[in-house]
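Shared between the two complexes below is subunit A, which has subunit B as its partner in the first and subunit C in the second.
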Partner chain A sequence: MKATLVLPSVLRTAVGADRIAVEGQTVGAALDAACAVYPNLRRHVLQETGALRPHVLCLLNGRSLPRTTFADHALADGDEILIHQAISGG
Partner chain B sequence: MHADPPPLAPEEYRRYGRHLTLPEIGEDGQRRLKASTVLVVGAGGLGSPVALYLAAAGVGRITLADFDVVDVTNLQRQVLFGTRDLGREKVVAAADRLRDLNPHVAVEPLAERVSSANVRALVRAADVVVDGSDNFTTRYLVSDACVLEGRPYVYGSIFRFDGQASVFHPPAGPCYRCLFPEPPPDALVPNCAQAGVLGVLPGLVGSIQAAETLKLLLGIGRPLLGRLLLVDALDGGFREVRLRRDPACPACGDAPTIVDAVEHGGAACADGVAGPAVPETTPAELAALIAAGAPPLLVDAREAWEFQAGALPGAVNVPLGDVALRAAEFVGAGDVVVCCRVGPRAARAVEMLRAAGVAGARSLRGGLVAWRDEVDPSQVVA
Partner chain C sequence: MARRVILTVGTKRGLFLLESGTGRKRWTVSGPHLKGWSVPYAVLDTRGTPTLHAGASHFAFGISLQSAPLKSLKFKACEKLPEFPKLNEKAADFAQKYGIDQGSKIWNITPGPAKQKKVLYMGTAPAGLFRSDDSGKSWAPVTGLNEHETRADWSPGAGGQCLHSFQIDPHDPRRMWAAVSAAGAFRTDDGGATWKPINTCVAPYVGAPEQTEVFSCVHKLLVHPTAPGVLFQQNHVGVYRSTDHGDTWTRIDAGLPYDFGFGLALDANDPGACYVIPLEPEGYSFRATNGALAVYRYGRGGKWKNSSKGLPRKHAYVSVLRQAMTSDALDPCGVYFGTQGGTVFASGDGGASWGVAAEYLPTIHSVTAAVVE
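== the complex of A and B ==
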């Protein structure tokens, strides 16, 4: 399935991209594919275990995915995976 | 909230006329606002529009907490202050501005750091708490205190072009820890103040926070409970994300493990917040080493624009956000002195360098400001 991974501005500089075309059957597979091209993405978004970092949110088509099962969600063509993270500026 | 709110003074009827006309507010609602107390944590980019709009709207008592002073770099976005306020305590300058805006409002300036020692009493005394702080330590502290004291927490945060806003008030909705269980590790912390922020962004997000606060106080409309509003100022877009309360949340879950509001010591963003204790070199000691012809390797942990404005001769610029990635370059380099503007970023950089094996890393005590004040008055410090 072809989907788009969208990063917030907080990650764009570190990762070097803002919208990444990804392919995969699941959110986890698509993220893995993106991380293979942008290694810094893995460091910022995933823990070594593959779990989502506690300060990161993963959304699929605007819906927040549960931390424990986010990687297993099936993708459809045209889906949008949105990553967000905690920011502290005030 | 308040059974018998105080009457409006004659002048207030004209002042709040546009509110009194709204059937959702009217005189009863305006009196409710007058009877209300709001705690605003942080008198910065977010705290500015929040405090201004709450005062203008006639919220009876506003407690404004911030221990910083007004700096010229604040004026690009912190609209509470003017050039005449430079060097003044923020809450004192803010109180003057807010009292001028609306003398019917009681403004309580609190020039203290919000900490474990005072946060629960401050939160308990307020009807609604608005977070305009600039660091994760305070955010988690205030959120936990709000959960424990049962107060609604009006959340807002900003970074570069991104903003977030929500209302947390368990059990009616999630809390901040349901959203982000833990703060990011230091190495992944966005370098907030130094990475830049679009000046108008806190105006956008802070105005949303002010609107949510007024709705909560008035009991009108649909609050941003269980909804996270994401603002992308570059894209010109707002997204809304549905949030759920996490039954496993350590603060508001079914078996909470957080039983008091305690600072976790996570990363801070502002220069005014103390960093970790690490080995230091004083400006005088550094000057002596340079004069003796044995200068250490100098690493400047500030952002590139600050470095370009003026840096120590021979210093290498490694912005704090890059330190973890580049630490290996400095293993075996001998004495390394890390500087920033006043110290906290350098302290965090030293901590990261030492963890990566740079055993000789130390921080320049007081940063380049101390260097300028104690050694070289000609040093330019952005």
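== the complex of A and C ==
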């Protein structure tokens, strides 16, 4: 499946891109494919175990994915995976 | 092209660049660069095409080392950042007990010897030293220090366990110094293969381990750029000078209002001089000037002189962090420091007078100076 991985602008220089065309059957596979092209992506988004870093969220088409199963979600053509940082305040 | 002085100012919210002519009275400010990142340390490498190197931290996305030509400011991140050392159990327990940050951070980036233009060194938290031979694209650990036999006794300081100071002997690039909080100063005479603690005559910090050579909470260490063997250090407990490459230290803080401080700067034109900003060690959480922001210059006759003309004298309760004070190599030397309140003070006359170079910046972590054509 062909999807788009969207990163926060703060990661543009750290990763080398902020919109990445990805392919994969699942969110996890798509992230792995992106990490192969952009090595710093893994450092900034994932922990060594493959889990999301603390304070990092993964959304699929605008809906937050559970932290424990985010990688397993199936992708469809045209999906948008969004990496987001925690926000606090108010 | 006329010479320019560039200050790289790392802050809690990005990197700022301050630029002046050699008069160093009027400054222009650009930034924030690396927007969204906290920048604990940045430096301008002038050995070839002037290039910025900045350590960057983000609460969610971790750490990054980013570099850019000064001319374009197009930053690119290192893709082979090494794994930093981990705190051992004893240090982690200490950090946990006192609420000390255990996270990774880039504390120092130092250009290598003048003739080795691609060599860079990086100091980290947890404390480690790394060397790059390809202008920062890849890094190798300096294992002689990172795996030092005394490492079990390296304690975290309040700012974490960090290798904050790294210096290369301008007369012999095989001799280098590193300083770790809280362990002390180390020196290598063989290009980094072996290191020995050099804390003789330095007072231990309260609670330091006994029966060890790593009992010192050095806050900042600098080697004089022209005088062989001359070093200074601002320590948690005193200010010290060495004239034998750090084999022994002489305490020189008599005459200062407080022996505590973080920042330290040297005068390239005077091997007997240094600058400090004494901070009032009231309790364990309030480290700031006692109402008057004062720079002291150590100089002729072994005396300290209050060199604060132009600095705020009343109601100034500010702190200056260890990487936030520096000097340039001009004559007279420029001295610079940034406060946690976001003001950069600059002196273009060796500290005789001061002015504001920038204000209302975010919390300032580091200030480094370079002269470029």
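Everything below uses one rule, namely that the second predicted complex is superposed on the first by the 85 of 90 C-alpha atoms of A that agree within 3 Å, B and C clash if a C-alpha of one lies under 4 Å from a C-alpha of the other, contacts with A are read in each partner's own complex, and residues count from 1 in each chain.
Rule of thumb we're sticking to: a residue touches a chain if its C-beta (ideal position, glycine included) is under 8 Å from a C-beta of that chain, and two chains touch if they have at least 3 such contacts.
Every value quoted in this text rests on a predicted model; they were computed, and no experiment measured them.
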*With the two structures laid over each other on chain A, which partner does A:Ser9 touch: subunit B (first), subunit C (second), both, or neither?*
both
*Is A:Gly89 in contact with subunit B, with subunit C, with both, or with neither (first, second, both, neither)?*
first
*Using the superposition on chain A described above, determine whether A:Ala51 touches subunit B (first), subunit C (second), both, or neither.*
neither
*Examine A:Leu59 and indicate which partner it touches, taking first as subunit B and second as subunit C; both and neither are also allowed.*
first
*Report for A:Pro39: first if it touches subunit B alone, second if subunit C alone, otherwise both or neither.*
second
_Quick one: is A:Ala76 in contact with subunit B, with subunit C, with both, or with neither? Answer first, second, both or neither._
neither
*List the residues of subunit A that touch subunit B in one complex and subunit C in the other.*
8-10, 14, 43-44, 53-55, 85-86
*Contact residues on subunit A for subunit C in the complex?*
8-11, 13-16, 39-40, 43-45, 53-56, 85-86
*Name, in rising order, each residue of subunit B that touches subunit A in their complex.*
42, 44-47, 131-136, 139, 156-162, 164, 179-184, 188-190, 192-193, 197, 202, 228, 230, 232, 234, 239-244, 267, 269, 321
_Interfacial residue positions of subunit C with respect to subunit A in the complex_ = 34-37, 56, 58-62, 64, 66, 75-77, 79-81
_Touch list for subunit A against partner subunit B, complex_ = 8-10, 14, 43-44, 53-55, 57, 59, 62-64, 82, 84-90
